[in-house]
């Protein structure tokens, strides 16, 4: 068994090995994909080693070197980071499987570049997860932004360019324009950027107090990846990317890295108690609450399936921000659990959307009528994912909501309980309506005869531009990951207690 | 030929001007003078020549290539003296290293002479180069235009 | 001859002598090979010097064995050792690069003159940096400027606008140098000495009009030379139309040396006790630095010509250095020095990448960059990486600069300045991003002269370019040579100037 | 109350300022490139006048040894030393004392190669020998060496006497002349380069009037700009 001290740096280095391997195997797709999967498996194993070690109370650490005096690139695994690392690496494995099915099914170009960028991105996500200080976190945060830019603009057409521009523009603008000065300011106040249990700034309360609200605002909006309104536009715009990328953005790494950073900053930089005592975070509770409701409302208007899911993500991620900003331990716990639960749920939804695209070439909710009968597995999984996000037991999504409401009550923000309830209702409307349309409404309209024709007549008449298959379930490479995550969403419900215990040090150190 | 007088006068003056330039050059060690002034005067002789006999004639006597070499050599003399003093164990342009056993800093004389010679050479050739280039761009002055 | 003892003067003297020799070489490969060899020698000497200064402290060298303050002193402390290493290092990278580039852009008969001018320019810049004598600074400044005018004008074969650009540069540069020399004259008037260290001693406690006027003249004169906004108007055209290799060298060194001179005069000569300096910092340098950061960067966004865009970006980046200086604190000074070095590295790499494009496509307008990733991937990635450095992405030198600047602004209590810095970095995202998007996501032009298939630039250009890119990345992560030395240098300068 | 005498006796500075302003004005206002260079030259010349002004000592002569003292190296050495030593700031100098301080500090700051005695024996290539900036060193270096030779010996007493005689004459400060000679060289070089550029511009554009040059560039750019815009739109 490999030691956790070694596993930590290896889990950062190994994706880079995979990167080189993918590069070298450019001309042999099968081997290239095998390299991707092998990397993912090894990475998951390493993440599990770290996760277990942290659960046993160890804090594996690794210092790379000091960049600027007082600012080392250093890593240290703690419960939150270890959990995020595990979620990210686990879902990356699933996502890699799915990518293979999707990319081949879609016949995408530049697949080597695609997998190479993925490898870099996951390395960056692991870096964010294990970062021991703000400085390291920022470095990997930026690497994550840059390495996903080619993924978002993968298609290279005008729409992709526009989407990529917004993606890069918003993320760079917030990170350089707000997050970087915030970190520098923190450094100027505290003389260090290390994550400290109980809060780095709370140890320098006198200097920090006058600017606390401002700093918190800089962090909250500076971590653009957390998609707190109004810095969310990058997320819907990134929808031009291929579906595996969307899944990666929404569930595996990018937004998760954002909300993870927010949680980590609140817990380890500000300190929950310090925030609670000063009340600096109260306005952000409202901003997060507003973000939850507004994004849900927008999601209801979206007919494009992926766009609807994107706004759903904006809404769901604000739960994490909300939990952090409540500045009570139950809120933080709820936020942390939401990271894992939402990852599984949203991953399922996105992969289903991708499967629908691969199999039926449908992108709009209104086009899905009756599709549930031809793609039952996909839509059953979609249903499970949706229910999990709505927060119905026995699915993973119910626990975070429970803790968040508990936290809202603890923090005296009773209104937020209402917000959460309303949000659940809205979720029902915009998410559950999708499988409902697919299963319950009969296929009709312009598409219907065509479908029949596909079943009856010759599949491809030569005049049609696209060779069309009859609609059936997506290829197994697509389907298996979906089933995996949907099952995961159920399983997590029952193991949330274990996860709660695991994350307990997070809130206790604050006390 | 109406400009015969000019030509004859030029011929008469040419050598004395050069001589004067050399005087200014080598007297620079003791009195007013030095490489820059000498170089300019030296160049003036040739410029006068070119004005009266035409640029082509002057270029025959002192081709551009020679000037380029002289320019480089001038700098080399200057910097070379400095390098030589460094090689002899002194500092850059530390002339005393040229005559280390002298009791009255003989090296200073050698050094200043060498350096000034370099400067004179460089200045004279640069001046002439500038003149050649400017004058060379216009058509030759026709004898009828005098 | 004790080589180590002669070290302070070697980086200056070697290219000076070699420049004259280059004039005598036949056209073709010889002048280039000679210039390359010499610039490497000079870099070696500078590097050794930096090592020695870092180990044993400032080195003083008495030219002609005349002791200061009467003789000319070459005084190398960490501040100028760093700049010496930067200038000679950039020269050592540009010289090998220049062969192909120059062959394509300049009449071959001029090549000995080109390399002679190049070496003299290097020598002049190094001289400005190394010398400890105010008037000597002027002389070397003019030696480098004169050769620069000639070098810029050599771009006239490609684009006649190089000639007018060189002329404008000449007029502005001469005005600047003359202002500087008036300032030096006034200081000499007030103190009777020209040695910088001696000037500092004699100026202590003097607060009269003569000294103040001298200060103002020097500030304006050097401000012209370093393209301080709004005295930058000569720079964009000069950089845009000069031969590409020259643009790269100048952008990375010329203005940096001028910034160094400003630092030297502010902190080593006048010192923070000189009350007028504080006012100048707060009311002149700070607003002009910030204005330059924004105005020049914004102009850069709207340029159709990548070289001009980078030139305007340079003006903006100089704003950062001035901002750092204007805090009047040790952190600010360190940040300015760090950015001075780092900006040299990134702009050098960027201009070299553009030079590769010009070499293959003969054009430096945006259109030539369209779809470049397919046609010249190695060059494209060099541009992308150094562009990221210009923006200030972590892992690159640009980030280190930004970090120190931010830290300095917070430490100086100018939190707003920090936001100015990041806001103007975002403008850099715009202009760099525009070109990067063109290169990565567009198709190559389908018709016209730019559509012809091109190969990657030759290795002799790629290697030096990537050496600079690698420096961008390496010094972005390991900063003991840049930030470490700059911090020490800033601390030493602050001690001299009586600041905190 | 305006002290007219105060203003009038500083006429050299007024000349400097007026010439400087004229020069800068010409550079800025004239569109003709050659006229710009002329303006630049006037501007630079004004600086020369300023430098020479500050080297002038009231009642001082040029730093050339009168024939009466021309009795060999020794005399000349003394001449050089005296010349530098007695140099004083021009009237109106803000702080004369700093210059005067230099001589006093000379004895304790003896040069490494024992120049204090050397000065009496070797001519120190005074003012005129200065050529390039590097070269300013000797002239400058000689500055403080006014002290009568303190090296003992039979020669020394004779030397001291000669030096003493020489010291009675007041000389102007030669250092500014040295500096200005260097500046002149730089100025000449700048003018040459500028004129060369003007010639090349005339060949390339057919004019040296700034307005016409700009117009020519604009026309060229507009023609290109049209294409460039199209390319920009495509890009």
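Some observations on this one:
Order of writing sets the labels: A, B, C and D. Residues in every chain begin at 1.
Note that contacts are C-beta pairs under 8 Å (C-beta built on N, C-alpha and C of every residue); 3 or more make two chains touch, one makes a residue touch a chain.
All values reported here derive from a predicted model rather than from experimental measurement.
When chain centres are taken as C-alpha averages, the shortest distance to the whole-protein C-alpha average belongs to C. Interface comparison, A-C against B-C: more C-beta pairs in contact at A-C. For the pair subunit A and subunit C, the distance between mean C-alpha positions equals 44 Å. One finds 70 Å separating the Cα centroids of subunit A and subunit D. Averaging Cα coordinates per chain places subunit B and subunit C 35 Å apart. The geometric centre of subunit A is 78 Å away from that of subunit B, both derived from CA atoms.
The residues of subunit B that reach two or more other chains are 82, 93, 96, listed in rising order. Touching two or more other chains at once is no residue of subunit A.
Of all residues in subunit D, those that touch two or more other chains are 113, 132, 134, 137-138, 189. Every pair of chains in contact is given here: A-C, B-C, B-D, C-D. Residues of subunit D that touch subunit B in their complex: 64, 73, 76, 113, 118, 121-125, 127-132, 134-135, 137-138, 181, 185, 189, 192, 195-196, 199, 203.
Within the complex formed with subunit C, the subunit D residues making contact are 20, 24, 27, 33, 36, 40, 43-44, 47, 50-51, 54, 89-90, 93-95, 98-99, 101-102, 109, 111-113, 115, 132-134, 136-138, 140-144, 176, 179, 182-183, 186, 189-190, 193-194, 197-198, 200-201, 204-205, 213, 217, 225, 228, 231-232, 234-235.
Interface residues of subunit B, counted against subunit D in their complex, comprise 28-37, 78, 82, 93, 96, 104-105, 108-109, 112, 115-116, 119, 123, 126, 130, 133-134, 137. Residue ranges of subunit B in contact with subunit C, taken from their complex: 68-69, 71-76, 79-80, 82-83, 86-96. Residues of subunit A touching subunit C in their complex: 65, 67-69, 71, 73, 138-139, 142-143, 146, 150, 153, 156, 160-161, 164-165, 168-169, 172-173, 176-178, 180-181, 184-185, 187-189, 211.
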